[in-house]
């Protein structure tokens, strides 16, 4: 997070325009004098509750853009202090043909975004893949982790505690299953650091993304441990930040978080030329240079912009959009085959998605899942495969336009000149 | 992305339930036989265009949840193939008192989310901070990078080319400024790897997030170079994946991407006890253990869940939600002061935000910015400071509940039992 | 690997002093004209062979510093093209009292280094730990990995191959054991990326560091696979760079490479004051700031300078010094206890060490192991615990001097002013 | 650092063989009862001092392997508590033809190692490169950083302090130059995290590796600051672990630590076939798979085994061997050219090397530098270029043997069967 002296100098000039450093210091001072008026708490989403909340809000020229008097009780279990809804435009790319272990067919991709050119790009990629026969997709593994942490006086206590857990771990499966119909404990891993122990509790979570499910199951396991172990920790927490929740981590990338899917497609060069206006060789040149660009900048994995489609699909389909932080990692690879066709593959190990739970039941989100025929139970594996296919479509399209040299123009035209 | 043999065995059993490995192979085969029907392209957002698109969509029980016949021309420049909008419920946390270099006052935080308990948690954190006099916030640096890549026959050519650029770089400032009123080239950095050269073109972008602006300016610089340099690269790309666009990278974390803001607050222990039901010491214990949890899992920076508030504010306020991938990194630090108060700070170096451009002008998004009094020109710096303050509020609240042991219950109650 | 334009300008001036860029280009040209005289190959280490080699060497004023006519046949199995020996001074720190699961007693630490102040610093740390009753040390896990890679036409082939391996993996244990008396296959992990499969073959290796042992066993497993599987890879390699050999990796850090040891000590503040001239509080302040220094710079783990003692002990004791690259990672943590004592702990997960094999049998190296009473079979676990204890001693001493403000003076005095 | 339950179970069985968990706990207890006998301190290296030290050492069968009564006063400024020397066999690879900006000619490579096959492999690589006309090498940038850290009550104080430094930074150049004839301050970068400020003081250090030089200069700068600034930090340290000293970090990899050198060679396929018994295509296949192997395991950069040659050359040539931890990072890249020749390049950004200072003046180390004609002033840039060339030679040779499938056999034969 370093800034060189020349750049800092320029920043200082911006901050100190029209004021002294002491005035800046004054601005930063805590202010306990002015009255503070807290926004009222509440889960209710009826018209009255929402209207009341708007009385605490000033300066909005067209509040009806957020709230137009409609009944919003349907959102009640998904939000607090609700004042209405934001509307995100949603467009369709594809369909994308997916030949997967769970997904099978041509999937329309609902993408919610406010960024021009995004859907056009994914659409192009989806068409190219589909024209080539579709992408093969395979779910390689799945799992969601919670990581309670336990602190002890000494390493000696920590290993006694670990040993106790090791000896009693069979019981935990039962305890975990008592909390959920869908969550299933897979294994407990032990990550010891000095006198600290982090347990990595790995679960499968059925068709839900499952973060709450694994929290509740882990809480139950921890409480069982605390009530039964002869070694009491100094303190413990149900989550000690080793689960990879809401962040990109090397650990999740190297194992799995949610679902790990690999997709691939082989595209004849004539399709590359026709749709992408470039050659297989140049796309592979791009891949090589961009993969090392990722390495040189310390990304986790190497890929282009999985985040674009994941954010757009997550928002459209009622997923937890904050999970883009962890899901948007993986490896894209392009190779030239002997017949000049392009072999393109993407592997996304951290797709924490679900087709039940979370926001999936909300009205427009449920409709978006229905567009893909993937709403409800039994569909999360296929949904993950389709998401991965969409990510690959985006990689192919953007690399195509960068290789062809028309990336800037495409963005320029679509964003500025309409 | 490794899976041990026991876990893979279980996965294999799931995949091979009711079918053989050859049947799985068949499912993965490219399918060029079935007809493929492409979704029609188009930027129009009038009723007719949208209705026509719906004729290509099947199986949606209540399409009116996405499109109810309203005029959507306002979205025309932000999306393609539009079929309507998804509605994300938005709630208010706070207000959050911010004493910043640019932000000043009590800011209501509009958060769009479908995850129960999220707003309640940020609300609590915002109240605690505000009761303590608010958070101090400072914008430390800003900049957005594009990274064109140039490939040469030999290192020798690469250094001649680099040298030419070095000698002519003054001209680039002019070229860049010709493309934009707001973008300003700051510096060009050179990242050579063998016979490859990546240029890191660093810009400021006024009050816009600015990714398109820097693309266009960089394209102009590259074209100027190509037209004028005596050394022709074998090939080149306007972006070679070294800019950190749409991904968490060590490089962006260590420099800046968008805006870097530090915030801090000092909270008396009595507020900790009253609002968070725990002690300063236990919160600091949590911080220590969770910071090392981040280290042990290879996160970029160490923090808890910046992604939650960034995703929710980005969606509400017309930011590019895919940028959660890069923005949700930084460092949270908690310390106990001699008087038992809690010193809490958060530093977010990659907040790529704007108050003009992108989705900020769309109806509900503009309204959300107005709720904060931060719509339009002159507000992006303050907006970044408020976002960082919100991130800190979330860290304080969630660490409070983990330290107090009521994290699970809070989620359980809010999500399951309403 | 980026350089800003000002710095590059300065570099260009250095390179272009007294010459043009074209002259630099000329200097870089391949030279196939001048005759090339290859140094003669050979494993022999007798006087005649070595003397003959010296005839190919010019310009050494005192060749006897490297070779003085002695018999060097003892080195024959450890080197090729031998011309003598380099002498590295070795000093003793400690002894270090270790209360370990395998190490027990007061260990003199033989450290080979040419860096002034290093041994003095470790000596001080070892004395402080020992005066506090010694460090507790526990071997947490062990294992060495080889990672063959297999490439296929399609993901479909890759999963068939994986499935075959999964079904036949029991046989591999037998195959592996046929190659070695000491190596034992623990598990095979599968890391799939598109149509590529990396197998992570995890072994224990008795008291040897074991890299050759696992290579030979993995080769046998691979050959067995290739001969028996119905699915032939396009190509394969016995090591595809996913084992962490000779490099720091997040993967090895997060699992184990060689041996993982945690050590801890609790030091009363009066010992801190007496030996380190500082306070527990300031040392903890240092730890906090330096841990985040590590985070801010993207180190793998957070620690100060494990490399110093590991390099010095590895060289002294016949270990593979190149493994410093992977071994010098881990986590150091300092906390203040209620009685103001210092809790200090170090966890080193990648100590790839042995007490048999490699250079351990060479004369001075064997003597160095004897100084610790740790030469030969049955001692590698204890040796790893002692190395980890030495690492902690170094952390305590250097942090002490940084906290006390006498770090610079110590180095200055010992290095410059003798 | 996680271990799954099955593996931990096996570890527990090893630890608990023949003893209970309580007996293990007893073994870990601090021991303040037994007498502790400290090894005597001392810098003297005369016969008497050394002999006296041996009286404190037991159990060494042939102490003469370490100390045979010779005069070791020459080591006096490089070590404490000296008891003799360890002898590391040194062999020659090459010569390696280097066409560099500073290195020019055929360099014999002195490599000190105890690992069989290492020199044979580098030798082969050096011959192949040289036969192809040698490698082109260019020093891209240089610099060594120290990172003092300053802690303040508030961000407000931190920015006042930063501002003061910004305003007075010109003075620091003078202060720094007062401490050294060779060190030169290049820039100061500011890395702020909450109320903490890390200064990154970047220096060039002439022909010395320079760590002590930059410590002393930074100490002087810090003292100047503390004496003159009106804002007193709560505490500060001359090094706050943000310099990358003795560890691999993303920051050093992305900038420079010591010297950054790129080398390249173009090898006709007939040389590949003749010397490496494989094809260009297969070597490029290997590169692609191994580069992604590095990415999948979270290495810093992607390369094979730079550590092998760096450790061996550092030990032979009086470098700080602990710096292998930071130096052994970079990027190797292989490409197939249209004429089937192999383009191979290596970029090493963290080569912290010197030809004066440290251990370079010690007898055998100075001789090793003389073998390369690179002892003393004016040679460090060329030395860095040769080291990088050696690293590339190793990559080519090992990838050749992995691609040809004879890697295992080569190691097996050289290590086991002599």
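Per-chain numbering from 1; labels A, B, C and D assigned in written order.
Criterion: a contact is a pair of C-beta atoms (placed from the backbone, for glycine too) under 8 Å apart; a residue touches a chain by one contact, two chains touch by 3 or more.
Since the structure is predicted, the reported quantities are computational estimates derived from the model, not experimental observations.
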Checklist entry - How short can a path of touching chains from subunit A to subunit D be, counted in steps? => result 1
Item to check | Chain pair with the higher count of C-beta pairs in contact (B-C, C-D) | outcome: C-D
Next on the checklist: With touch defined as above, tell me whether subunit B and subunit D contact each other through largely the same residue numbers, more than half shared, or through different ones.
Outcome noted: same
Checklist entry - Once you find the CA centre of subunit C and the CA centre of subunit D, what distance in Å lies between them? => result 11
Next on the checklist: Suppose each chain is reduced to the average of its Cα coordinates; what separation in Å results between subunit B and subunit C?
Outcome noted: 38
Next on the checklist: Going by the contact rule already set, what residues in subunit C reach two or more other chains?
Outcome noted: 1-4, 6, 8, 24, 28-29, 136, 138, 140, 154-156, 159, 187, 191-193, 196, 198, 250-251, 253-254, 266, 291-292, 294, 296-298, 300, 302, 331, 333, 347
Item to check | subunit A contact footprint on subunit C (complex, rising order) | outcome: 1, 4, 6, 136, 138, 140, 154-156, 159, 192-196, 250-251, 254, 262-264, 266, 296, 298, 331, 333, 343, 345-347
Checklist outcome for this item: Contacts from subunit B onto subunit C in the complex sit at residues 1-5, 8-9, 12, 21, 24-25, 28-29, 154-156, 159-160, 162-163, 166, 169, 187-193, 198, 200, 250-251, 253-254, 288, 291-292, 294-298, 300-302, 331, 333, 335
